[in-house]
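Going in written order, the chains are labelled A, B, C and D, and every chain counts its residues from 1.
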Amino acid sequence: MRYRVGILGSTGAVGQRFIQLLSSHPWFEITAISASERNVGKKYSEGAVWRLETPIPEEVTDLELVAPDPKKMDCDIVFSALPSDEAKKVEPLFAESGFVVASNASAYRMEDDIPLVIPEVNADHLGLIDIQRKKRKWDGFIVTNPNCSTIGLVITLKPLMQFGLHEVRVVTMQAVSGAGYEGVPSMAILDNIIPYIAKEEEKIETESKKLLGEFDGEKVKFAEIDILASCNRVPVIDGHLEAVFARMHENPTPEEVKKVFKDFRSIDTPSAPKHPIIVREEVDRPQTRLDRNAENGMSVTVGRVREGIRYICLSHNTIRGAAGASVLNAELMVKKGII
Amino acid sequence: MRYRVGILGSTGAVGQRFIQLLSSHPWFEITAISASERNVGKKYSEGAVWRLETPIPEEVTDLELVAPDPKKMDCDIVFSALPSDEAKKVEPLFAESGFVVASNASAYRMEDDIPLVIPEVNADHLGLIDIQRKKRKWDGFIVTNPNCSTIGLVITLKPLMQFGLHEVRVVTMQAVSGAGYEGVPSMAILDNIIPYIAKEEEKIETESKKLLGEFDGEKVKFAEIDILASCNRVPVIDGHLEAVFARMHENPTPEEVKKVFKDFRSIDTPSAPKHPIIVREEVDRPQTRLDRNAENGMSVTVGRVREGIRYICLSHNTIRGAAGASVLNAELMVKKGII
Amino acid sequence: MRYRVGILGSTGAVGQRFIQLLSSHPWFEITAISASERNVGKKYSEGAVWRLETPIPEEVTDLELVAPDPKKMDCDIVFSALPSDEAKKVEPLFAESGFVVASNASAYRMEDDIPLVIPEVNADHLGLIDIQRKKRKWDGFIVTNPNCSTIGLVITLKPLMQFGLHEVRVVTMQAVSGAGYEGVPSMAILDNIIPYIAKEEEKIETESKKLLGEFDGEKVKFAEIDILASCNRVPVIDGHLEAVFARMHENPTPEEVKKVFKDFRSIDTPSAPKHPIIVREEVDRPQTRLDRNAENGMSVTVGRVREGIRYICLSHNTIRGAAGASVLNAELMVKKGII
Amino acid sequence: MRYRVGILGSTGAVGQRFIQLLSSHPWFEITAISASERNVGKKYSEGAVWRLETPIPEEVTDLELVAPDPKKMDCDIVFSALPSDEAKKVEPLFAESGFVVASNASAYRMEDDIPLVIPEVNADHLGLIDIQRKKRKWDGFIVTNPNCSTIGLVITLKPLMQFGLHEVRVVTMQAVSGAGYEGVPSMAILDNIIPYIAKEEEKIETESKKLLGEFDGEKVKFAEIDILASCNRVPVIDGHLEAVFARMHENPTPEEVKKVFKDFRSIDTPSAPKHPIIVREEVDRPQTRLDRNAENGMSVTVGRVREGIRYICLSHNTIRGAAGASVLNAELMVKKGII
């Protein structure tokens, strides 16, 4: 028997990824999908302009789009692909009504009592759930995952913590899909680089410290790392590539760094990559188009680990960096018996 | 009366930029152009596959391509767009025979007695010319300009030296034209980022220290700056965009940094930009396609100067970063009476 | 003394081209610019996000944006870059109030009494102006230019009329700028071709017949040509490239066709290209990026004229195909004494 | 038990597709792979720079690269991904020595006694094999498949033959992978369209007539269709999109045309698509990136079937248009008992 899951904002770019990842999922079954008002009442195949390269999964083709309302969504878990301002209003209604909300939205990520989780990095932060429910008097709860440009970076920073990581400089080269289907006009990005993405640098700098922080049973104590980011939009469809400079008190060699990357452990659930971090030895990898789909887009690929320590990391922004991250959080909670 | 100039390697990507920049030049007249053996004897319009968007200048259309041989090149100054290994052999022959060699090649950049010059940055390094001629017993001499990814960066670092600049982290996003016409296959770069350019990081890290070093009348004492670079190839035609993190002992504010950028002075010759550094205040500038041609591709455009200090700089890699750099060096030498 | 001109819809993609082409124009002076309501009252530099690679012309930087209202626009001629539905309402108000309206909008192109003109092709169709004014009782009048994909094609078809042109098959490869700044999302077009542009094929098929038709003093008799078009959006910034198959009763040779292309005459006004049609003999030209700016983007470049007759033509869609077309119409009318 | 197969030219772009398609094939087992001299003796993973997005199949990783010599290739069938001039010399050596040669090279396609085959289109042309072996006194034989831009087109033309097809005008928009990995420099194609591909139009025009011709037991009588092509290179990685105008004596309606497209039959072998032609009803499909991988890149997707008859067809140029075509020919021969 599978858990019945719903998708909030199922017709957008991230919503379609949720559909794609959750169809034929061994633990989850899509039973409810929401859309904005003008599409409510339509079948999914009529309300959504499907833009992925794989066909619309049959199980949702005829499913009816409903309003993002706890009374209308017939399921146990909701995955949220809502824009931040809408998530802010809607997600608490679901948590209050007893739903598990696995959210990709940024609205509640930085709240004290709401877990911001990458399963391989800080699964123990789920301990905040009890505190959250008590404090907010909710039957359900909200669990969030980080921003698409934070997630690949932090997966690689986590194993560096053991060496006394204290300073990070990171420059991102981010795909257009990160801005949603209509986010980046082609006239803005063909033969061009845009060295600015609104609020992105702030998200990387704050979310990373929460993710790498310690949960003491009450709250998360932020990691003390000096992080500066510089974010760029580049003309690629999918995949965020990041150039990282990391300083550690113990000054590990590139070989030592590669070793801890390779040893980084999978959480061993259906969508979890066997190798959360793949280390490439070629001088010119990872490359965005060639490596973004590693382990179905769920692995982070690292390369060019050099003295400095400097390295390159790459992750798929709408899979590992968005829908896949929420799905993985839900799988973790099932595995841990929280759901 | 104009100086008679020749171009070594006149048919390649940088060679064509030399042709473009030197045609109708008020001080220089193209009188000799070299090509590789199979094109010697042809007219320029027959030996070169012209690939720039402006038409072939009339003054070279019928000029005959000759071998890169001092006896065949009828001129006073030669501009070198040769590949490094060829430059290594050919340029000394010209210097020995009394030519002024203004070279864009990397072969001699790091030699003790050969000036590596950006006119606005270290014009005084031209003092090495006397030392070079004495030591090598040459009638002529070689003057070089830095690599395309170094030049934009160093123009912005120079004014920061007054604040005690001691650490730089830079990530480049470099245009395909930097690798020459056939350098980057389209299959390698469409919908892709390649986080590696052979020898590029080393060039940035060493050339910068020489350029920012002090000439004491005998030799150049390298600047003591901790520089690390991470170089990437991106799918744009022209323009190298760089994300810079700079640490200075005096800790200037962004406003102070912008002021010294804006105050940075032109050398006031025909090809020199009025503003070597243009500071943009918009949150999303410079952008590669929109800003690479600022002041005919000779200005460096800077933006997003933030606490950190962090900023973005952009320069045209085959104009300011290659052919234009050599031309500017020649203009500087004319102005200073060295030629 | 220069004519005082206004631009309707001055802040959009085509509006910006009008600004660029009309600044420093020898016959015209920009004295009025309109924008949509939320920008009225602002200076141009504040109300427009300037996206061209040349800087905002100084003469408009501080000019105030006004409503598209005949009473607010202080000028003699208005150039219209309005979207079709807005043009439909606004342009007649200007014509009624005595303005000359040179419109790039599609709203009135196919009206019986409104000239649809390409100066080099059918200048005599301006004879419709008298009929228009009489019929509509307007003090001013409207003159239109064709759609961006029609114009390059028809300039090449006109000289073929003398050979008894009767059938045309054309496939277009159109730049993203043709859809306006936000018209084509980057996710839609990176690594992709879209074989559909709404209403484009119909425009080519109908406008061409009007343009190539005969004005008998009363009305335009449409040309009897069997035209079928297939329109595609391709990932280039500017420039519409078209592959044409043309059948003529007289069956001319490729050499004869090239001759009439080369002989096609300029109208000899400030913006008119010296060569309305440039014929390239290279086997692989015209190419979009290399040839779109020929004669400041006002020439049509033709190549690969082969048995068939088959050929390729290219024109700049926002210059020759939009703003430049309207400006040329206005210049023609000045030259003919109509204005 | 599986047939033992070899790949000639296994390290190039098409060679890698052969490796990808033949690994884990139910009927074939890769036992021999050839490369050019400098890579002979290396393992495949060392001699090939693997550029596909899926990993190198384990079964070839350690396989040794050998010379393209019948004595060195231990197998029954060879698939040829050789360049045309090399194929010309090498393929007959294999045929003579008793191998079945399934070739993607153009060298022998138009020879009278060599079958040029698309299984769904003209399987009966395999009758030429007997004639070939007799005439050339070969133990083995050569069977070829058409050029990448011909194949998608002809699959759609075949069902139109029943309506009396007599005239075709086709304009192609072809991916860069069609020219091989280094075939199209990025500087040539970024923000550009190149309206020329050497020999491509001739291939479409001649190969189509042979493929659609009738085999009378002795020779192929070419189809009498007036075909003109205009071929363009566009900035997409994979996928050839073609705009077709087709004239038929019986003048079918678009609905009739769509019906025969949909009814076109699969040959029902492991790599054969269930639907050789997929008909899309959306107004803007097929699109290159979204549809090129339909049925693992083996289906042709058709759309926009309009009066004219006009339509768009799309096929994956290195799968259905190259390696997959040869594999399908081999499967057909196995199924028919020829192998």
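Here, a contact is a pair of C-beta atoms (placed from the backbone, for glycine too) under 8 Å apart; a residue touches a chain by one contact, two chains touch by 3 or more.
Remember, it's a predicted structure, so these values are computed and weren't measured experimentally.
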| item | value |
| --- | --- |
| A-D compared against C-D, more contacting pairs | C-D |
| Most distant chain from chain B by Cα centroid | D |
| Centroid distance [mean C-alpha coordinates] between chain D and chain A, Å | 41 |
| Gap in Å, rounded to a whole number, between the CA centres of chain D and chain B | 47 |
| Cα-centroid distance, chain C relative to chain D, in whole angstrom | 42 |
| Residues of chain D touching at least two other chains | 51, 190-191, 235-237, 289-290 |
| Contacting residues of chain C [partner chain A, same complex] | 13, 51, 176-177, 181-191, 235-237 |
| Chain A residues within the chain B interface of the complex | 169, 171, 173, 190-196, 228, 230, 232, 234-237, 239, 241, 243, 245, 283-290, 303-304, 308, 310, 312 |
| Interfacial residue positions of chain A with respect to chain D in the complex | 51, 53, 190-191, 237, 289-290, 293 |
